[in-house]
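The two complexes that follow have subunit A in common; it is paired with subunit B in the first and with subunit C in the second.
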Partner chain A sequence: MSAETDSGGDHGLPDSSTITRWLVTTNHKDVGILYTVTALFFLVFGGVLALLMRIQLWTPGAGFLEAVSYNQAVSAHGLIMVFWFLSPFAFGFANYVVPLQIGARDLAFPRLNALSYWLYLFSGLLFAVSFFQGATFAGGWTMYAPLNVPVYTPDIGASTAVLALVLFVVSVTVSSVNFLTSMHRMRAEGLTLRRMPIFSWTILLTVWMMLFAFAALLAALLILSSDRLLGTQYFAATGAGGSLLWAHLFWFFGHPEVYIVFFPALGVMAECFQTFTGQRLVGRKWFIAAMVLVALQSFVVWMHHMFLTSINLEIKTLFMATTIGISLPFDLMVFALIYTLIKGRIRFTTPFLFSFGALVLFIIGGITGVFLGAVVLDYEFRGTYWVVAHFHYVMVGGVTALFGGLYYWFPKMTGKMYDEFLGKLHFGLYFVGFNLLYFPMFLSWETPRRDFVYPEAFVSWHQLSTVGGFVLGISFLVMFYNLAKSLVAGEAADDNPWAFSTTTEWALPSPPPIENFPGVPTFASGALEFRSAEAGDRSAVEIADGGGEPAPDGGPAHAAGTDAADHEEDHASPWPLAVGVASFVLLLGLSGLQRGGFPSGVEGGFYVATTGVGLAALGWTLVRLARERFVGPSGPFGESWPFEAVENTKLGVWIFLASDVVLFGAFIGSYVFIRVAHGWTDWHELVPEAHVVTPGLVNTYLLLTSSFAVVVALVAAERESRWGLVGSLGLTFGLGVAFLVNKAMEWQHLFHVHGETFANGWVPSTNVAASTFYLTTGLHGLHVIGGLCIALYLVARAWNGAYLDDERSIEYFGLYWHFVDIVWLFLFPLFYIL
Partner chain B sequence: MSKLRLYTAIYVVLFGLATAQTLVEFAGLDYWVGLWTIVGLSFLKAAIVAGYYQHLRWEPRSISFVLLVGLLAALALTVASSYSIT
Partner chain C sequence: MNWGVEQFARAVGLAQSGGGLVPRGTRVDVFEQIFWLFLALGTLVGAVVIGYMLYNAYKYRDGDARADPDRSTRVGELPGGGDGGRKLFYSFGASTLIVISLVAWSYGTLLYVEQDVPSEAEGIEVEVVGYRFGWDFVYPNGHTANALRVPRNETVQLSVTSRDVFHTFGIPELRVKTDSIPGQYTSSWFRAEETATYRARCFELCGAGHSYMTAEVIVMEPAEYEAWYANTTGEAGSEAIGARDEDRIGAPATPGGPATVAARGVVG
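And then the complex of A and B:
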């Protein structure tokens, strides 16, 4: 492309051979490559930790690693692989491929997409830092309570690991909102959901699950952070139901997470099977229906991870039934894939081999999981290597397909063909290594999980596993060599190196130009067409576009208009990276908090200073991000079911609020759970007499009035009354501040209550009732503070005459502010009246 | 009715309901009747704010469904986990 030599011509993006390009890019294809490369880095990171464990397990009770180092390696391996490798690897492809498949020029919010990436990277780096702060988290990847509280994992590094996860979840939430808005609103004409390619379907369902499941994890992690940093008592061993509460919150996220990780792999399998058998997926409609069913069912099976806890038998039985239920749609999917193979003519390319291998491994992983879903069998299998073997067959089985995806899309992403022989060699070593590593674990299943002492009888099985682990590791050296060599000296790849592939990305050059399409893609006729492209003259359009010249005239008026808009689109912004750095610094500083205070001396000074710098930097970078002029993709879009009448930003706000519903829902649920466990009506024994209704009622009035002020502001903006707008927004701000002041006075009073029961005041660490009160209303208070920052920004801009011709910003702020109001409408009775 | 009048009427209703909710506590009802009345009033107020101030009444139903799915997930977690306690 001619534009690549012109730093200013490629939509403001520097050349892709420069480092700056990768720091400021917001283009979905660049972000996709960044995700892929970074995920592979974390694969190596997590993989090396796994090899350390396998060396330790060569003989029972070996001393290669100290016990606590082994525990760190186990925990960090699990966390890194599940969070920082699996999903981000799949989302590398999702970023690159989904907009191409649905006919969009980019995601709905390109800068938020870049932000997701940088938050992901910096969350991973934060996790890496945790190793150097005493010790990283060593209580297992499931972080079960009470091992997750400072009594058992006292190191600052353990807190950092938790905060790193918080940052990761923020990244995931931003990404989910972005994908959902894009995929629902920005599909090309004729690309109805029924016609959407299967990989895009798997991503759509994945992000829906992510939106809700990760919100529950965020609640769990914020509560845990509070227990660790502020000294609240949710998960303390002595509390009512603390460890059970963690298990509920974690697995409410954790089970959907299994499908969040697996669905993209399923999508790759289905795409590769279609392409390399030349056969349309058998029962495609039913396959999609089965996936929708699984996505829904995934939220009602979580207690099968808790059969050995004290939950009652009725609920165990119910969840055993739902677990068997969720295996049924998978049967349909597996048979659909098998029949596709039978009916088609298979071509044994590398991507196909990996996809086929993934199917075999997943079948083994799935069947061995059914054992664990039965309550009685789980009593025996729980906490053994049967579990370890099963979930590696499922999760790493899924990863197998993703490596197929890497080979499948490598030519598209790089424009170079990989070496087929080396690809097959990789598969051979991988498949042999995989089974040598994990299958012996089924045979030595009585080995206790997370422990490096095991019966002598299993030594040879474990040694076989260790050999397999190294074979698996070596197979990746082949892969990295292949990909690096091909990138430098590989053959140029055609637009479509695979016969029979039918999805849109293969109709474009490899790699596709920055604006993706030579015109407006449409599927209205049933096949892909570009509206503004002159027949057979695609390359001419491309060069003209890339060089910053207007598209050739003569196309339909509609397309010409869109092309003009295309040229105003931006693709560069330094602020997502800056926000990522600031978040990293802030959380690193906060990691030093213990029981509400920083350590003393130089160390404490470092953490205080870092927190201060991080907070200031985060505020500044967010304001700069908001102030930056940036034009993302604009409509009209082809297919937007079921949100035709909702603008992108508004839909984004609503989807975000839906995840916030789950976040607060999980906080309120935790309160209800603990209170039920403690005895609902005995709760008042934990609360001082001084905790009265009045401050809560006053705050209810204040928030309701502030909500009213926001709708008045909206009316003022519609009537183009500048001072009416400034006045009512100012009133909103003032009422919000009054809310916080009232709350501060109330808290101050409660901190210093005297009496027989609460001689030392009623502070967050006094008891679990105090913890739930301060933390839940505190989280709400943080939402109020966030809203006030936005309100202040709006007031300042309204003062200068903004929003009178376009009141949407006021409306969208209102959606958030009213939501905060609604939350209070529940918190008030729960924490003040009942 | 102009928008401003509607919004004002809604505000008055919400203010009244919040006051009523507090008074339920002192009405001498059975604890559990009082509890469900109070919780019911919270849901009613939330629905009014969402319906009128957040304009969900006039938005496509699909948005309300997304929110309801979130609410349903939170309720499933709350109810099932509380029920699981022995």
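And then the complex of A and C:
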């Protein structure tokens, strides 16, 4: 897309007119464009599903779609729009713009950034495949239990959809670690956190929320996958607490998710309001403070989605208060945006129209949300089109601003100006279509949600909605035509086509060159300057991109720095794409699992073979990714508060472990929740006598000793003792293997216990106690296996003399390994003693 | 919208002249009062705020006559805040006051709905069991039916659960709704003031037959109800109304593949 400026072979990158370029690129700007284009594809995908629903709703109880197909359309529309369109669309801009705004040459881990993209794309493709495996998931985007288990949704496609979500969450986690490390560590000199542009601020808070919220979702999805594939019993209808457990886990993620998708839109609105009024944002610091407050508080409002469940009045009151509390900061933000208009010089360009329209829609969405905050009203609105209308005004209202962002940054990303008339036409059709579509839903609010039989009295409102839906759809044809036409034959865009814009990306050519800046960007003098590289005393210390096992199974193993001091940064690697393909194949194969076994016959053979190929390919590609020599952006960086002393990779490991804490926390919380629901002391009746403390105790000793061995390994590396290093790492590996062997023997024994109560052994599907035991300690076991893979890799390299001059890889592996041990110290008493 | 105005007048009237500030009465009454007040205030606030936005957008539109802003922004400056902080806080304070007082006011009703269930007339209790795709109503004597028969002007206490997946039981016209969750019991209540037939339905996606998961709610004269109830017994008295028979076929005790097939049959 940026063919004119990128000469062929730039920094090892093929020309942008070639397909290869887009398959191997790791540059944040390319990845940003890939995200944007892919997200638009999923917009069309989800949009077509929505139109199918609107056709069905033309008359009550129409037969256009079968009931099962309608439910699939409802569910897939929600999942695709929320996961594969909304956030990735915003992260297209985040990828492209945030490094430019903060003055970084790329994200901290460029290959992991490319990996995030490919995992995102392939998770979406996997979801698309699920339609062809019987049926995709048809239980709504909220996936309430126990409708989400195979007893009620038996199709393989439903499992595939869940696995696609797992892969998507892995992509999000990798991306969050990358953005957090980059934004905290790699800002230009003088660009303190407080001075960061507002769009970057919204992204920073978004990724913090993502890191923790998506970890909770990952826990929910892994448990669900296990219920679907291995036959564990967490969400089965027979349990007392499974249904509520899902609701808690899902909404603990689900409510922060609302702000995760809305914050970037808020950032775009603020940028466009400032640029197109020529004014600075009124009350900027309060605006930021309000967002920080919302980000924190978003984790304590989730139960307002559950007011009609069996939670008690005290809890309802508490969550009503926190919910009202979280709505108030938004009032401040809305007023700040409105007051920014005053005394400005407002130019009604397409980006401003979309931002302005977005604010109008958000105000309507916000006011109708207050209705839901009043619990008594919520009781009646629950499960009706009031909710549907409200959250479409909020979320699609946010999308409106993101389309403003697309027009705003289009000249920067492509170097071409869009057609202003067509842009305004798009806005006109979009705004009319939007309100025709969603406003009648408030008037016909008594229509039950996800229902295609509704009272006759609402027919005309629903027909109006359907017409609006098609107008909205047509408006996008105008947009696609505009963008395609402008890309081919648009006028060349200046560096800064907008008067009064302020942020750094507008000081650069459109599109910016691969290295972004003409020198080292600095704000030390109070305004942006580019210092020449020589004067800037830039020492090109090579810091390799985090290789080894990517999240979530391992902390990045560090490839050692070398002496190639003047080596230029790399921008291409084929391995992120390869890992994406391998993950896709592996999960496609695993989707065939049900109750721990594959189907019989040719179909089963296909799934077994696919799983095998995928597993082998994933291992191989990960090793190649780790072995590849790759030079990412290096320091020194201008502003790194509060992590000046923590090197990029180390910070990445820490941030990843923080999300892993939430993952295990959610697993442990689920165990406690289910055990309490069952009756804490009655639990023992579900556990055989043969489940004794000894194996767990032995494993505790093994793991603690192995942690000690890693400490010894680090000391050996510091003292440059090659064989000491190999020996102690080997000991760690051996103890880890002993841990797994001991566990395997214990499990084998429990699988085959005999007795009156457990005639068929104690296997994961026996009862909910067995499920929690095997799954939670199994997740820990997977972490041990991941750690051992890294350890083996380290041993092999240490054998050849690596790490003696740079022991950081050993240190980072140690962080991960100690974490895994600490987790065991929690699991041991919970599952063996209490 | 005459109807709306009337409703609103009634709502405000009731709120002031009824039992003090906190709306009371049947669930229909309290919902109407709170909803219309929220709607009136919400519309007012929305109109004022959006109107103010449009006014300013028009007033400060770019034109040849307009000079650059006093302190123009330029590329590369460090982000800073604009003027108008005081006004921002006044508006914020005003909106906070409106939102908090509205919700606090409705909270009084929440307490009433949750705790001071009207007990002027002696009530009845019914257990509601959701299943794919219908409802069982179990009376204290063990009588189980697919239609809910209740006496007029008496409080009906509902204890709701589910036999399979997560459902939500609701009777829209009577403004009563509560989740129907396997392994859990939720409770709610309602009182119908007129003899009529209403429709209860499911409000949480539960599978292929979700759109058709309905049941009749028949409000009877108390005397008539007593006569009917006296004739029911726990064992043989299970009645099923009309098409609901078919639905029961689609809801075996152990759901799965066959259930889905049956459900497809019902719907298609």
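Keep this in mind: the second predicted complex is superposed on the first by the 789 of 834 C-alpha atoms of A that agree within 3 Å, B and C clash if a C-alpha of one lies under 4 Å from a C-alpha of the other, contacts with A are read in each partner's own complex, and residues count from 1 in each chain.
In this text, contacts are C-beta pairs under 8 Å (C-beta built on N, C-alpha and C of every residue); 3 or more make two chains touch, one makes a residue touch a chain.
On a predicted model such as this, the values are computed, not experimentally measured, just so you know.
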First, second, both or neither for A:S659, with subunit B first and subunit C second: first
First, second, both or neither for A:W799, with subunit B first and subunit C second: neither
Contacts of A:F606 with subunit B and subunit C, given as first, second, both or neither: neither
Touching partner for A:A216 - first (subunit B), second (subunit C), both, neither: first
Touch count on subunit A, higher of subunit B and subunit C: C
Partner chain(s) touched by A:F131 [first = subunit B, second = subunit C, both, neither]: neither
First, second, both or neither for A:F819, with subunit B first and subunit C second: first
Partner chain(s) touched by A:T277 [first = subunit B, second = subunit C, both, neither]: second
Partner chain(s) touched by A:S310 [first = subunit B, second = subunit C, both, neither]: both
Contacts of A:G241 with subunit B and subunit C, given as first, second, both or neither: both
Those residues of subunit A which subunit B touches in one complex and subunit C touches in the other: 241, 244, 310, 677
Subunit C-touching residues of subunit A, taken from the complex the two chains share: 61, 63, 66-68, 70-71, 74-75, 138-140, 144-147, 151-152, 154, 190-191, 195-198, 237-244, 247, 274-275, 277-286, 308-310, 313, 316-317, 320, 324, 327-328, 331-332, 334-336, 338-348, 356, 359-360, 363-364, 367-368, 370-371, 373-377, 379-380, 382-384, 446, 448-453, 496, 500-504, 506-507, 523, 526-529, 677
Residues of subunit C defined as touching subunit A within the complex: 30-31, 34-35, 38-39, 42, 45-46, 49-50, 52-53, 56-57, 60-62, 66-70, 72-85, 87-88, 91-92, 95-96, 99-100, 102-103, 106-107, 109-111, 113-115, 132, 162-166, 168, 170, 172, 175, 177-179, 181-186, 201-212, 255-257, 259-260, 263-264, 267-268
Touch list for subunit A against partner subunit B, complex: 212, 215-216, 241, 244-245, 248-249, 252, 299-300, 303, 306, 310-312, 315, 642-646, 651, 654-655, 657-659, 661-662, 664-666, 668-669, 672-673, 676-677, 681, 693, 697, 700-701, 704-705, 707-708, 710-712, 715, 718, 811, 814-815, 818-819, 821-822, 825-826, 828-829, 833-834
In the complex, subunit B residues that touch subunit A: 3-4, 7-8, 10-11, 14-15, 18-19, 21-22, 24-25, 31, 35, 38-39, 41-42, 45-46, 49-50, 53-55, 59-60, 62-63, 66-67, 69-71, 73-78, 80-86
